[in-house]
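Next come the structures, one after another.
The two complexes that follow have chain A in common; it is paired with chain B in the first and with chain C in the second.
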Partner chain A sequence: MTKSFFRQHQASLLTLLALVLFPFLVGLFEGASPAVVWANGSGTSKFMQGLAIEVFILAMFALSYDLIFGITGLLSFGHSMFFAVGAYASGIAIKSFGLNLGQTFLLVLAAAFIQAVLVGIVLPRVKGITFALVTLGMASVLHLIVMSTELGPYTGADVGLQGVIIPDFINPAVERLRLYFVAMTVFILFYLLYKRFVDSPTGRVCVAIRENEDRAKMLGYNVFTFKFAALLLSSITAALAGFLHTIYQPIVSPNTASLAFTVTALLIVLIGGVGTLSGAFLGAIVFRALDFGLRRYIGESASFINGAVYVLFVLFIPYGIIGTWRLKSLELKKGWEDLLKRFQRSMG
Partner chain B sequence: MDTILDVQSVHTFIGQYHILQGVSLSIPRGSITALLGRNGAGKTTTLKTILGLLPPRQGKIVFEGREINGMRSFDIAARGIGFVPEHRAIFRDLSVEENLKIAERKKGDYARKQDFIFGLFPDLKRLIALPGANLSGGQQQMLAIARALVADNSLLLIDEPSEGLAPVIIENVMAAIRELSKNATIVLVEQNFLVASQLAEYYVIIEEGRSVRHGLMAELVQDQATIHRYLGAA
Partner chain C sequence: MDNFKVTLRKNLVLYLTLGVLVSLLIAAAQGMESKDFVITFLRGLAVGSLTFLVASGFSLIFGLMHVLNLAHGTLYMIGAYIAWTVFVRPDTFVDLLTPLALLLSGFTLQGVWAFVAARIRLSGAMGRILPWGGMALSLVILFMTLARYPIAVWDVEVFAQSPGTYAFMADQGTRLVPEAAVFEGLSPALAVIGLLAGSLLAAFSMVWLAHPPTAPQQLTWRHFAPFAVLSLVGILALIFNEPLTAWLVGLNTNWLFLVSVVVAVLAGMGLGGLMEVTLIRPLYVRHIYQIMLTLGMSVIGVEIVRAVWGRPEFIMPKPALFTGSGPGCPATTLAAWWQLNCATILVLGGRVRVYNEIFIPLVGLVVLVAVWLLLKRSRLGMIIRAGVQDSEMVEALGINVRQVFTLVFALGVGLAALGGALAAPSLGLSYHMGESVMLNALVALAIGGLTSYPGAALGSVIVGLIQQFMIKYGQIGIAIPFTEIVFKPTPPIVPASTIFLMVIILLLLPNGLLGKKE
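Entry: the complex of A and B
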C-alpha cells in the first residue's frame, strides 16, 4: 500500500523534494552551507528564492485561470481583476488602515467572495465571447478605479501602491526563506485542493459544462451553481495570489488589473497545458525564466523575442507541455501494446 | 388511456424562425411512440421544446399531470425526463464510468443500476475506464442510452438512435430500447422507418412544424399512401 502510494505519486513527491531543497542546492553552488542559507546569508540563493516566489504567485494565478478556462470552459478576459483586488485590498488594508496580516487575509477572502458574486450576477445571462467581453469590461473599470487620481492616496494612482510595511517575520528583505516556504506551501495546498475539486463529482460536472452546457442541463444540472462554485474558488485563489504579491513586491502596479496581466495567465496556461492544472506551475516556470533570461541578456528587445517564442509554442506545442507529454505517453503506451501483441501473435 | 405526457398546440421559435407551428402529442404511459417526419420537419425541436431547451412561445406541455412549460430545463429533467440526444452526445473527455456517474440524480443511483445497465450493454463494463472519445460509434450510442438509465426516468426521449450505425449494432440498440420500455415510456425520433415501425406501438407524423397524423403504428404500416406522402418511404 505504502509502496504503491510512493510509486503512484513519484513525480509529485520528487518535485516536492526538489522544491524543498532548491534554496539549499542553489546555496551550495555559491559555496554557502545549508546553515548559511537557513540564516538568509546566501545572496544567490536569496535571489533565486525571490524568482521562485514570483513563480509560485504566477502559478497560483494561472491555476485559478485554468479552473475557469481550462476546466469549466469560461473564457475570461478580466481575470486580472481578481488578482488586483487581492493585491490592492491587502496593500490598502495594511498601509492605510493599519490592519495586521491575519485581518488583511480575512478581508481579502471577503473581497474575493464579493467579487465572485458580482461576476456571478452576469454568469447566467452571458456565455462564450460575450462573457469574455463582460469580464474585460469589469476589469477595465477596476483598472480605471486604481489609476484614478481621486483614489490616489489609497491606490497610488498610475504610480502604483508603495510603502506597504510588511511585518519582519515574513518580510522578504529579512526572512525571504520563510516567505519562500510559505508561498510554496500555499501553492501546493491550492494545487491539491484543485486536484480534489476537479476529480470530485462537482469538478466532473464542470468538465461536462465545458464540453456541452446543454447536455449538462439535460441531465438535470443547474449549470449556474457549478460555474459559480468554480468562479468562487478561482476568485479566492487569484486574490490570495495578489495578497502574496503585495507581501513580496515593494510596489503594487496598476498593471496587475490590466488585460495584459490576464493574457499572462492565459499564456502560462497555454505553455503548460490547458486544463491540466500542473501545467500552470510548469508554464509559470517557463514564462518567468524566459522573461528573466531574455531581459537580462538581450535587454529591451526581449519582449519581441518573448512574443515570437509564445507564437512558436502555440503553433508547435498546441496542447502545452503537460498536454503534449500526456498525449505522447498514451501514443507510446499504445505503440508498445501493439508491438507486444504483434510479437505474441508471431510467436503463435 | 393513462397519458404521461400531453403536448398541446405548441409553437416554438429558434431566433426569428417559427419552427413548431402547432405540435400536439398525447403519449400513453408505458408505450413507445415514434415521432416521424422528413428532415427539418421539427422532430428534434419538439424533443428540445419538451425538455425546455427551446421554451415554447405558445401552447401547453403537461408531464405527469403538471404543466412544465416555462420551467428551466434542469428542473424538467429532474422531474424524471431522460434525453438521449442525436449524434451520440456523450462527454468525450470523461471516462465511461464518469459519463454514467454524472447522470446520477440521487447518490447511489449508479451503484443500484449497474447490473441492469451492464446486463443491457456488456461492452461498456469492459470499457469502463476508457475516455468516451475512444469508443466506437456504436459504443458511444450505447453509452448515451445507458446514461439516461442511471437516474429513475419515467419518460425517455431518444433522438435518432440508429443514425450512422452498422445494422448489427442497430439490432443491439433496438433490443436495448425494447428492454427499456418495460420500465419507462419512450418517445423516439427515428428517420429509419423500418426501425421505428418495429419498435413503436404509436406514431405521430410531424410535417413542417405541425403534427398532422397520429395513431397505431400497426395501422400506419398498412397505409402505404400516408407513408409515401409524409415520409417519402414505401
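Entry: the complex of A and C
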C-alpha cells in the first residue's frame, strides 16, 4: 500500500508550514496583528525574522559543508573560503562597481565556479589530512589577502567591508519579511536539491567514496569527477550563502574567511548530525539560539561554552541530534514491531 | 656510480626544490649588508626553533597515534603562561601546587581503580547509578573545598594588581610581593582531606563508568607510587608554603628562570598525559572526531587563558644573564659576554640580542639532538619508531603501546610547553600567540613531511628563515631586476609567502620534502 503524499512527507510539510507562519506567530505572541507584521512593523517579529535569516544563511553554509565532509568524506579546513568569496565578491561588486543584483548573482556564480576549479586542481594530488592542510592554507591566504591594507579600499582590511547599499525592495531594514521569505525559499530549494543529489546515482557514488575510496575506484568510477561535482555544488551553495549574508548584514567581517568560521560549520554539522543534511538546519537553529542566548546572558565567555558544547558532542553524541534520533527510532520501531508480533502470537 | 644515479633520479624533485631554496637564500644574502644578513638569519633560526619545538611534538604524536592535535598551539601558549606565573608570581605557584597535586593524585591510581572496578559486580541499574552518584558527590566535595581554598592571585579587573603590572614591575627589578593568602573558614587539614577524597572518588567513578577492558591481575607498589609522590608533594607544599615562597622570591633570576621553564615543561607533560588518557583515548576508533575534539580543546584553552590572565598582552622579564648593560656592552666576544652578561653581542658588525637570537636557537639545537638520540639510541625510541611504522605489530609483540602513546603525547606537549616558556621573554604573551605558531608548525610539517622528524626540523627552519627575510625585505625593499620598481612585501604577505610555498611543495611532493612515500 503506497502512502499518500501528505502522509509520506508529514514532517517536512509541517516544518514548511511552521516556517511560513513563524513571523506571524511571533507577532501574535507579542500582540501584533498579522497585518502589522505584513507591513514590516518593527517589533519582536522583525527581530526574530532577522535571527531566522541568519539561521538560513548558516544552515546553507553548513549544508554545503555537510555535502563535502559528511557525504563525500573530504575533510576540508578551508570551507570558510567558499563563503567569504561569495560575501566579498558580491559586496565589492555592488559597492565598488555598482552592479545590480542580477549581475552580482552571475558574478558570484562565476567566482564560485573558479574557486571550485582552483581547489579541484589540488584535489587529485592530495588526500586525507594533507587535503585538510592545503585547504587550510588556501583559506588562510584568502584571509590574509582580505586583511591586507593594500586592498583596503575594496575589502575594508581588518575593519571589514562596510557601506554596501542594498536596493530597497530587498533591503532588510525596509523589507525584512520579503528577505525572510527569499532566504527561506533559497534554503529550501537548495535543501531539496541536496536531497535529490544524495539520492541520485552520483550522490550514491559520493557516499561510496566516503566509505572506501579505493573500492569505489576499483569498481570503475572516476573518483575525481564525483568529488569535483560535490565540490562544485558545495562551492556554489556556500557562495550564495555569502551573497545572502552580504544582503542581510551591512558588514562583511574578515572573520568569515577565518578558520573559526569553518569550525562553526563543523560544529553545526556535528550538532545536527554528520551526513544527515537536515541536521544542518537543526544544528544551525541550535547553534544560533545557543550563541545568541549565551552572549546575551553570560557575555564574553560564550565561546568557552560553545567550545565545551562542541567537546561534549564529540565525546557523547557523536552522531548528532538527527543521527542519534534516526538510530534510536529504528530501535524503537523494531521494539514496537516485536511487541506487535508477540501480541499477535499470543492472540492467535 | 649507478647507485648514485638511481638515488638522484628518485629524488630529483627533492634536490631541485632544495637547490631552488638554497639559491633563494644566496640571492637574499646578496641584497643586504652582511650585518643585516646575520641578524635576519639568526632571527629566522630563532623563529624556526620555536616552530620546531611545537612541530616536532606534533609530528611525533601524529606519526605514532595518527592524532592531529590541533590544540598543540594552545598548549604552547599555556606553557608560556605557566612559566610567566612561576617567574613573576612564585607565591601563586606555590599556593596552587597543593590543590593541583592533590587533585591529580587520585587520577594516577588508574590501575588500582580498574582492578577494583573489575571486581565489583552490581545489577544493571545500580551499576549505572552509583558511578554517576559518586561523580556528583565528588564534584560537590571538590567545589566546596576549592571555593574556600586560599590562593594569592592577581586580579585582571584591577589595574594595580593586573598581570601586566606585575610583569612590568618585575621587569624593572622591583618585584611586587602581594599579601599571602590565609585559610579562613577552612582548616588546612580539612582542605587536604577534602581534596584527596574528592579526587579519589572522582577518578574511581570515572574509571567505573568507562569500564576499562583491561585490568591488572594483581597490584604492586608501582600502581601506588605516583599517587604517593603526588600527594606527598601536595602536603609538603602546604606545610612549607611560606619558606618555599620566600626562597623562590629571593632566588637569583637565572635560577628562577630555569625553575619556571622546568615547571612549564612538567606541567605541559602532565597536561598532555591527562588529555590523552581522558579525552583522546576513547576516540582512537574515530579519527575524524579526534581532530574535532582537539579543535574544541584549542577554543576552550584560549578562553581559559583569556579568563585567567586577561586580554592585554604582557611580557615575561628576561633572566639577569641576558639583561646586562653598561660599559663594555655590547660584548664583542663570548668570553666578554660571559663576564658582563650583556643583553647584546656584536656578530660581524651586527648587534644581536643574546637571548632572542642566540639562546633560543641553541636550545632548539640541543632539543633537536636530544630527541634525535632518544629516538635512535634508546629502547623507548626504538618502540616509538616501530610504532610509527606499524603500531598493531608492535602491540602483537607484547609491548604495551597504549602506555607508549600516553608517554609520547606527554613528551610532545612538554616540548610545546618548552617552546612557549622560551618564547615568553622574547615574543611576549598574548591569548592568540598559539594560533600563529600552530599555523607555522602546520606549514613547516607540510613542507618537511608530516611524520618525519628531520622533516620537522628542516621545514621549521625554512619557515622561520622565509618569514624573517620577508620581514627584512619589507623594510629595505626588493629591487626587481631590469626595472625601477622596488617591491616591499607588507606584513600580511609574510605568513602568506610560507603558505604559498607549502601549497607549491605539496603539489610537487605530496608527502613533503622528507616524508616517506606511501
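Brief remarks follow.
As a convention for this text, the second predicted complex is superposed on the first by the 335 of 348 C-alpha atoms of A that agree within 3 Å, B and C clash if a C-alpha of one lies under 4 Å from a C-alpha of the other, contacts with A are read in each partner's own complex, and residues count from 1 in each chain.
Simple rule for what comes next: a residue touches a chain if its C-beta (ideal position, glycine included) is under 8 Å from a C-beta of that chain, and two chains touch if they have at least 3 such contacts.
On a predicted model such as this, the values are computed, not experimentally measured, just so you know.
Once both complexes are superposed on chain A, the partners chain B and chain C fit side by side without clashing. Measuring from the middle, so to speak, at the Cα centre of chain A, the directions to chain B and chain C differ by 80 degrees in steps of 10. Once the two complexes are overlaid on the shared chain, A:Met218 sits against chain B while remaining clear of chain C. Which of chain B and chain C touches more residues of chain A: that partner is C.
Looking at the shared chain after the overlay, A:Leu233 reaches neither chain B nor chain C. With both structures placed on the common chain, the touch criterion links A:Glu150 to chain C but leaves chain B unconnected. With both structures placed on the common chain, the touch criterion links A:Gly307 to chain C but leaves chain B unconnected. In the superposed model, A:Leu136 lies in contact with chain C only, and not with chain B.
By the touch criterion defined above, A:Leu315 reaches chain C but does not reach chain B.
By the document's definition of touching, of the two partners only chain C reaches A:Val122; chain B does not.
Annotation: superposed on chain A, chain B and chain C show a minimal Cα-Cα gap of 5 Å. Residues common to the contacts of chain A with chain B and with chain C across the two structures: none. Those residues of chain A whose C-beta lies close enough to touch chain B in the complex are 201, 204-205, 207-208, 210-212, 214-215, 217-223. Here chain C touches chain A in the complex through residues 62, 68, 279, 282-283, 286, 288-289, 291-293, 295-297, 299-300, 303-304, 306-307, 439, 442-443, 446, 450, 490, 492-493, 495-496, 499-500, 502-503, 506-507, 510-511, going by the rule given at the top. Touching chain A in their complex are the following residues of chain B: 51, 53, 72-74, 77-78, 83, 85, 89, 91-94, 98, 101-105, 147, 151.
The touching residues of chain A, when paired with chain C in their complex, are 75, 122, 125-127, 129-130, 132-134, 136-138, 140-141, 144-145, 147-150, 263, 266, 270, 300-301, 303-304, 306-308, 310-311, 314-315, 318.
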